[in-house]
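Heads up: the structure comes next, in structure tokens.
To keep things simple, chains are lettered A, B, C, D, E and F as they appear, and every chain counts its residues starting from 1.
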Amino acid sequence: MESKDAFSHIDHRGMARMVDVSGKPESLREAVASGRIIMGSRAFELLADMRIPKGDVFAAARIAGIMAAKKVDSLIPLCHSLPLHSVEIEFLPDEKDSAVEITARVKTKGVTGVEMEAMIAVSVAALTIYDMCKAVTKEMTIEEISLDYKSGGKSGTWQRKVREERT
Amino acid sequence: MESKDAFSHIDHRGMARMVDVSGKPESLREAVASGRIIMGSRAFELLADMRIPKGDVFAAARIAGIMAAKKVDSLIPLCHSLPLHSVEIEFLPDEKDSAVEITARVKTKGVTGVEMEAMIAVSVAALTIYDMCKAVTKEMTIEEISLDYKSGGKSGTWQRKVREERT
Amino acid sequence: MESKDAFSHIDHRGMARMVDVSGKPESLREAVASGRIIMGSRAFELLADMRIPKGDVFAAARIAGIMAAKKVDSLIPLCHSLPLHSVEIEFLPDEKDSAVEITARVKTKGVTGVEMEAMIAVSVAALTIYDMCKAVTKEMTIEEISLDYKSGGKSGTWQRKVREERT
Amino acid sequence: MESKDAFSHIDHRGMARMVDVSGKPESLREAVASGRIIMGSRAFELLADMRIPKGDVFAAARIAGIMAAKKVDSLIPLCHSLPLHSVEIEFLPDEKDSAVEITARVKTKGVTGVEMEAMIAVSVAALTIYDMCKAVTKEMTIEEISLDYKSGGKSGTWQRKVREERT
Amino acid sequence: MESKDAFSHIDHRGMARMVDVSGKPESLREAVASGRIIMGSRAFELLADMRIPKGDVFAAARIAGIMAAKKVDSLIPLCHSLPLHSVEIEFLPDEKDSAVEITARVKTKGVTGVEMEAMIAVSVAALTIYDMCKAVTKEMTIEEISLDYKSGGKSGTWQRKVREERT
Amino acid sequence: MESKDAFSHIDHRGMARMVDVSGKPESLREAVASGRIIMGSRAFELLADMRIPKGDVFAAARIAGIMAAKKVDSLIPLCHSLPLHSVEIEFLPDEKDSAVEITARVKTKGVTGVEMEAMIAVSVAALTIYDMCKAVTKEMTIEEISLDYKSGGKSGTWQRKVREERT
């Protein structure tokens, strides 16, 4: 008989709450999330060209993602505030699919995990690329935003199963 | 010879800027974006059960999406600030795929469009669902975040081509 | 048969939405709200003493109230963003009740009213006084926060009935 | 000879400061605040009806209150930032007075208390109800916002005296 | 007898207010501000080297400045909110003084000017450079932040006198 | 061979990152920054006059500076979030130069320093004075914003060399 109690953000009457973490000890926490933006060949080529000189597209996306990770508590209603120890965002062009892979790695020491910080960092980085390229094409899509890895806390280390659908 | 100039947020030297819209007239603007979160059968069933009484999951996601639309200018570095006239977010359960379809519709009267407002509303609504269900499973993914429709402004009405891969 | 439709922020299915104001014309708008903080005699006297030299309590409360009015859209989920034309906050000591009366007046030109801006300005000004005096006493209460007056928009001018209980 | 020094946020020259808490040890902290919104019979009945299906009014107010608690440091000028461990908000309809009682309970482990977090959560939840019902009536008032309980820190546990005026 | 009335943000009793601009017509507005950060030779050389490949220092500073311009109303207590039409930030290395000149140009159409937006853009861009270089040296200073030009509004066009001390 | 690695916020490929501080122990940290705004004789005299009764200019500037210190992580892209223990801001009129000296002192206990918090507090306090006096004159400049002192952390205590140019 689990039902609602399985959702930690919802109490037994179906009402939202910010989970009580006051009994939890601090531990080192890490989370990695990823996603991709499929750009279409024309935007992808223009973007690839830009990277050669010193285009600000990826720089803007990286900074937007980092800043979003720091304010996840003001975006996701029931997220705890958590001073972050590190945020890193990587972009990997995927020429075959005219896509850009985005990976965010977040670390902290605290009583809750940083999964949402990593997820929002990827999402906002992808949306920033979308914003900067939308004059070229609006046919872009953001895909496969997911958690890849987390460590720390009571539930310990978790790793995503390999995505067969991508291979 | 288009190259960099095709990116309106990047000047001819590859540097970021906030596009000058001071010559543009105000017009009624609308944008619709959508996306989906694939939840896995167990989380989907729990969520579906919750909706029958008065679970706060969709309410929280809807409000988070609406609030995010209002602050897109503080998240996406080169977005213009724009007072919004209307934001609506819909959730449509997709039992076959154990997914939830999310659609956001944003309207305003202004000198720039509201595409990014609709895109961020969908993204943050999806992330909020993720956050509220992640105690059940971490295997969820957010997919197909894209613009479906826009109207208003110099470029007028635009409609996304049907996604064949979904049918 | 009004029921839910009477709540403009709730659609016919009981779901939250940001009301569509795109058909509404701009007009000059004004709203006045008020409230009071009952301090107890000791805190009231200390506060009154402070005002004679150049105590920062009211200055801090005034500024906090003005700044809160400007960000009401990020606090109240379904409020529209609205650039404000003017915010003024007054404090009136009420020696008989050891209280401070707070009045906020907000003006703008726009498609929605500024009632919530005036209400939040009073609330945050009162809470700031509370915060600055709570080392002296925690027995303070904030009372009678209400809208006193509004003008502009389709519904025109509205004035609160006199509060008999105060006289 | 206490005068100004009794206000911890004001130095001996009457100037605002953020109190130095660097010598204080961390401890578990809790605060409970409450307040009520008097709605008038018509709005109260409509609201009561809504609660039966799955109206979003209380959900929106709860989420708004929780989110406001997390950003109290950006609203109340001299409040310390403090990552919160838990926020819970309850609504209790009071049919006799056509009112809704609002209670917020906040916990953390830190060097300062969470009284203001609980007070702002109640205030913003009340204002959100006001905002969502103001199309029905503007004659609502927010009343009796006060601290009910606090524990932790050097000053230890404090409980509000019973309010005789309510009984 | 001007005294206090000369300060538009202060009323005749010496109290802060947000100036009432509701009688003012909208006009195109522009403001240019500048400033410089004196880095010392070592940091300057490292920074200059970085610019050759694709260092993110100036990109980060540019984006930080643009984002700060958009939120000036939440930083400067009595500033009006104003949707901006354009923000551009330029960096000009000054080898002789081991300094970087920063210029920000902001445009909008509105009832108040954008001087503070340009000033804050320069300030935050300079502080971001400081932050990114402070591991190399802490002896940097930020200098000569000033308004250079404004146009629009009742007071019309204004141009700063040439700074003799710089030539 | 130091080059890029000297910039802690830039990785070896020239890309921005939020420095990983997860290995660093907490320590008491303090930072003092200062700067000045040169006002011109007319604005300086008006401001000086105001200070005698109870003008809100310095109160507003002090509060703006304190609030900015608390949100430095949302302004400076790669700054860590850090709950502050204390912020104090002083204003010292300098009649000879018609200037106001601004000093900010910030303390915390944490894994990173509070230099940027002190720097932004001075900058925003100066900009607030500018904003409140700009109706009198636009010829003001903000000068010599710099770090004066820091203590705590692995690098320990650091003191700025005396500025000969000021004496």
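Basically, a contact is a pair of C-beta atoms (placed from the backbone, for glycine too) under 8 Å apart; a residue touches a chain by one contact, two chains touch by 3 or more.
This one's a predicted model, so the numbers in the text were calculated from it and none came from an experiment.
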{"item": "Furthest chain, CA centroid comparison against subunit E", "value": "D"}
{"item": "Interface residue identity across copies subunit D, subunit F - same or different by half", "value": "different"}
{"item": "Subunit D-subunit E separation of Cα centroids, rounded to whole Å", "value": "38"}
{"item": "Subunit B and subunit D, separation of their C-alpha mean positions in angstrom", "value": "32"}
{"item": "Subunit C: positions in contact with at least two other chains", "value": "15-16, 53-56, 59-60, 62-64, 67, 74, 77-78, 81, 83"}
{"item": "Chain contact topology (line, ring, star, complete or other)", "value": "other"}
{"item": "Chains touching one another, given as label pairs in label order", "value": "A-B, A-D, A-E, A-F, B-C, B-D, B-E, C-D, C-E, C-F, D-F, E-F"}
{"item": "Touch list for subunit E against partner subunit B, complex", "value": "28, 58-59, 62-63, 66-67, 70-71, 81, 83-89, 107-109"}
{"item": "Subunit F partner contacts - residues on subunit E that touch it in the complex", "value": "2-4, 6-10, 14-16, 35, 46, 49-50, 53-57, 59-60, 63-64, 67-68, 75-79, 115-116, 119-120, 123-124, 126-128, 130-136, 138-147, 150, 158, 160-161"}
{"item": "Subunit C residues touching subunit B - in the complex, by the definition given at the top", "value": "15-22, 73-74, 77-78, 80-83, 110-111"}
{"item": "Subunit B residues touching subunit D - in the complex, by the definition given at the top", "value": "51, 53-56, 59-60, 62-64, 67"}
